[in-house]
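For reference, the structures are reproduced in the following blocks.
Both complexes shown next keep chain A, but they swap its partner, so chain B is in the first and chain C is in the second.
Right after this comes the complex of A and B.
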């Protein structure tokens, strides 16, 4: 995302009296990190940022950390900043009645991609001490203690952004900045899924075994996901019935990731948070992208586009086609 | 002999090959090139230690495995009276001679916390104790801190060799390895040839220079009472913890988090009693049998994490903070919560924050 910090602050200042709080981002502990930020008072507004480091999908807080369904007594709304991908999660949450459309004020931010901190660390000669990170046009400029590195933005942005089809928020009450051109057409094939599918069955199994073997069961992927809404009732943690043992072996890891993905079938909006937060770098979003491709092919449905639509796996239609 | 050897870069594999005949040798290694994931793994000829970049996961699992079989059990039915049965128990230990090569001072120092809890109290944890006694640490004098590192803030430093048996000191062309304990010296002396006087001097210089470095701006010890004072200030905790997604990353990557769960993993008539890592960031961690949860939200849970490390632990163990300053929780947190900032702000008054 191009830097929209000033425009965002200006806008929020103008409407803040009508809002209970605003979910946004603020700078993190170093120039490569950003953290979600709850703007609760007027004086907080100048801490807000919106740029290529605005990674986190803030809609998860609407579903999991607050009541975004019932109207406030004073009628004030919850402001939430969304990128294109985040806005789709919001739509899915509205469909599933975790969020009321009337309860939220949606600040849409067209986005050309967010950075992948791991890629940047691999690209710059001195990743330990990064002083500043700035996107200038199609170039990323990273300043470290040893000097300035410049490289194409595309080499530094997240995998999900390279195949982005919805860079512009699909719902919003205000749009900050001009809409941007999607990288891929709506019905384009997912290139990451295609790359894994090109492998032989044996190699594909090996690929996933190598990847999932690293899982440490921290559940960051689950907890960052805006649509993993079971919270403290997840099958990974319930003891009665005990679906999953405490073994850290492939069976249990595989089981967890498959259940996670299947529970998101027709719901996952490909915001990529599960993959970004994984501390051991497993491309977990790929599993969900494959399932989404199947849903699109069989049921002609794409999640998180139309707040009025009913996700196909949350309903039953005798006229269902494609199966 | 001087208790020191010099190992050239191209001789390191040979040294590890030799050591791996006597020890199970753990080294930091690249686990996945695409994501740059570095973690500790068992050395095998051909594997390359990753000594110039920090590992994402700590070596905690070497002495405290994420799943550890305490014993195995089998129910044996009495053939004459099948209602009666006896239980056959088998102890389970996995603790051959082990060497951790290339951990950083913070990694090795993390086990000091474990020692207090698992070895020095009224009860000893025999599983931990056996592994501890059988494990040697060859610790790297650390050259490359990043923006999340803060070992000097918790009473340590990049050349702190507390708990190490050997120091691995990078110099031009290779490493000087210096024995620090009897066991470490004995191993060093049988593993190679002494450094030249110039190499020995370079190593001394490197150690001195590194020891003089201050990694982390503030002193984060001495906050025990500030936490107590702040305990019921829920506005403070709300402000600090709002972004938290209550995953367990910070506790899983932490070299000093030692909480565990014990479960019976059984199938049919036999099974194992297993100890596995648990995390105070999870709802289930404090959920009581009748349904009450004393730490129902992330505020209470995160407060406990900070309190444990910077207040309750030092109060119980002579002022020792149970944080080694490795910065892993900061680096891996999906929402960049910075424990240094939280601790520091414990001291500030409400006026300072306004």
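Right after this comes the complex of A and C.
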């Protein structure tokens, strides 16, 4: 995302008196990070930032940390900053009645991609020296102790952004900045899925075994997911019913990821948070992307687009074919 | 837990390919099993006695029977163990017959499989809990949806049994399709003469409340306690005041209104009473044609009406009725013959549907019972009947036989020959289906006594020549092409589900087949029940059938309701879903997927949303269980842990 900090602050200042709080981002502990930030007072507004590092999907706080199921009694709304991908999560939450549309004031931020800290580290071998990073046009400008270097932006943004089809928020009350052109068409094939599908069955199994073997079941992917709403009632941690044991083997890891993916079938909006937060770099979102491709093909449905639509696995239509 | 295992030999059905003794011996090694034996026929009286004796002598707390399908004998064995003093749900049945002995001949492999199946049942039983039914009170009123002959019969039978009946009819009068018929096969008795008295009975019975020109808007609740919202559509006439005198219909200046009762042959007035025998015999204004309602000027009927019953400001009204059971007799529609472009239905005025012909034949019809062509009013001499128009044709998605057309064509041909002795009647047919009492004889009478010419083969095309119609087809018995110049062509349009059948099924939470006919609970053994408790079926809404079958099913549904209402309370099945509130996250997905409306959301005092199962409504299908992301909702007697234990034991 291009730097929209000033425009965002301006806008929030203008409407803050009508809002209960605003979910946004503030600068993080180093130049490669921002962190989620609750704007609760007028004076907080100047800490807001919005740029290529605003990668967190803030909609998860709506369902997991605050009650947004019903409109507030006094009518005051929660402001929430969303990129294109985040807005789809918000739509899915509205569909499933975890968030009332009337409870939120949606600040839409068209986005050309957010940076992937791992990929930047690969570009700049000594990240401790990085003073600032900034997206300028199609270039990433990295300022280090030793001077300024420029890289193609595509070498530094997240995998999900390279195949982004919804860079502009699908719902919003205000749009900050101009809409941007999607990288892929809406009905384009997912290139990451296609790449894995191109492998032979044996190689595919090997690929996933190699990837999932690293899983330490820290549940970061689950916690970051805006639609994984069971929280501390998650089936991974209950022993009644006992679907998952704590044995450290591939079966259990595989089972965990499959349950996670199946719970998101027809719901996952491909915000990529699960993959971003994975401490061991498993392409977790890829499993869900494959399921989404199946859902799109079989049921002609894409999650998080229409707040009025019913996710296909929560309904039945006699017209469904191909099943 | 102390478990007893009983292996049934089922004569040689099981013992033929399974070593039952070896299974019993192996079962003794399973955890908690203290007794195991094989027996010739476990379901027989001595077989059950053996179970009961073992329960007392070995102090058993749970019983596994490895035998046939639970669909066959689960109730038998549950009763047996209950008699011996243990909870009927502390019983498991392993199906080692249909699932094992009958499907393989390798005795050794079958025995291994039987052992595994018993092992699974033991593991499940170890996790069973005693379950108990509850009792719910029954509201002894019944709703009948549809006032055709099936609904009328059901309503009258229920009423005779002393039940209060609420009848909802979509049209302004009851009577359904049968009221439009002239004569009925195979006895050629007058349709309205035999239906009329029943319609009058409905109006006169004090315990039948009739809502005509009304539709079911919404249904909630469950067996014994349904709440039904009924939309009374605006008639613009106060039916409490209207005496049915018909003065208004004489004076109404809008005389081009579509005549639904006469299938669009001729026209009626905007304010009309559909037919002389209508029940209720009340006037209704057709708002599409009323000059005042469409143009703002007229109000002639208002001035004429001697009792001042006209209410131009009338709006639809919703009334709520509470009932304990529902009989669905919502009937059917007839296939739209325009789908077959080659027949020219809808394009040529003298190609008509059989129901239109029925109205032409009827003395109360648009031509006073004289057979005339709609185009020029001339008496037709050459008449062709074409069967299977929208029946038994995969290309129009109607692969089924409508069952009634062969018979009504024969009847109409006989009537035609009766009215016009010098006419020629041809019937183009595929096969003749007349499997009823006196039916085949009736067809033969048409052929032999009345000289109706039956031509086996399909008609390919109909086109006009002068003021007549050329019917081109094949005679497949003679192997020749046939061309008949006809004055009138009657298309035997088949039966299809009523246009409102699917939305109504969704309100009732009953299922329907791919053609929209309602699904019975079992095609042979439970033909009037649905899978939703307390909802019964009658008439063609369940599948094509003729009048005797519809009446029979109406009575059958009524007797089911009376059996249900013969008790003051109903015992519920405890094998239903149950919510663990501590785990429920209130996402509401279970509520969304429940096909029975058995789940509702509630808000606890702390403001958190939780789902709640209405145990009397729940049918134990398990959809909620499968949908619940963290399995907070469990199906009693088939919990996740029980199923996982069964699977795990296979791989231990």
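Note that in this section the second predicted complex is superposed on the first by the 322 of 323 C-alpha atoms of A that agree within 3 Å, B and C clash if a C-alpha of one lies under 4 Å from a C-alpha of the other, contacts with A are read in each partner's own complex, and residues count from 1 in each chain.
Simple rule for what comes next: a contact is a pair of C-beta atoms (placed from the backbone, for glycine too) under 8 Å apart; a residue touches a chain by one contact, two chains touch by 3 or more.
Please read these numbers as outputs of a predicted model, since none were measured by experiment.
When both complexes are superposed on chain A, chain B and chain C sit side by side without a clash. Judged by the touch definition given at the top, the superposed model places A:122 against chain B, while chain C stays out of reach.
Once chain A of one complex is fitted onto chain A of the other, the partner contacts of A:280 are limited to chain B, with no touch recorded for chain C. In the superposition on chain A, A:186 contacts neither chain B nor chain C. In the superposition on chain A, A:258 makes contact with neither chain B nor chain C. Using the contact criterion defined above for the overlaid structures, shared-chain residue A:199 touches neither chain B nor chain C, since it reaches no partner. In the superposed model, A:72 makes contact with neither chain B nor chain C. In the superposition on chain A, A:241 makes contact with chain C only, not with chain B. Within the superposed three-chain model, A:28 lies in touch with chain B and out of touch with chain C [touch as defined at top].
The wider contact with chain A, measured as residues touched, comes from B rather than the other of chain B and chain C. Put simply, if you stand at the Cα centre of chain A and look at the Cα centres of chain B and chain C, the angle between them is 120 degrees to the nearest 10. Between chain B and chain C, the smallest C-alpha to C-alpha distance in the superposed model amounts to 6 Å.
Residues 231 of chain A lie at the contact with chain B in one complex and at the contact with chain C in the other. Across the complex, chain A is touched by residues 502, 514, 582-585, 587-589, 592-593, 595, 607, 609, 627, 629-632, 634, 639-641, 644 of chain C.
Touching chain C in their complex are the following residues of chain A: 67, 69, 96-98, 229-231, 233-235, 238, 240-243, 263, 310, 313-316, 318. Of all the residues in chain A, the ones that touch chain B in their complex are 28-30, 33-38, 56, 60-61, 64-65, 118, 121-122, 127-130, 210-211, 214, 216-220, 222-224, 231-232, 237, 239, 245-248, 273, 276-277, 279-282. If you check the complex, the residues on chain B that touch chain A are 31-32, 34-37, 39, 56-57, 66-67, 144-148, 242-243, 245-249, 252-253, 261, 263, 265, 274, 276, 279, 282-284, 330, 332, 334-338, 340-341.
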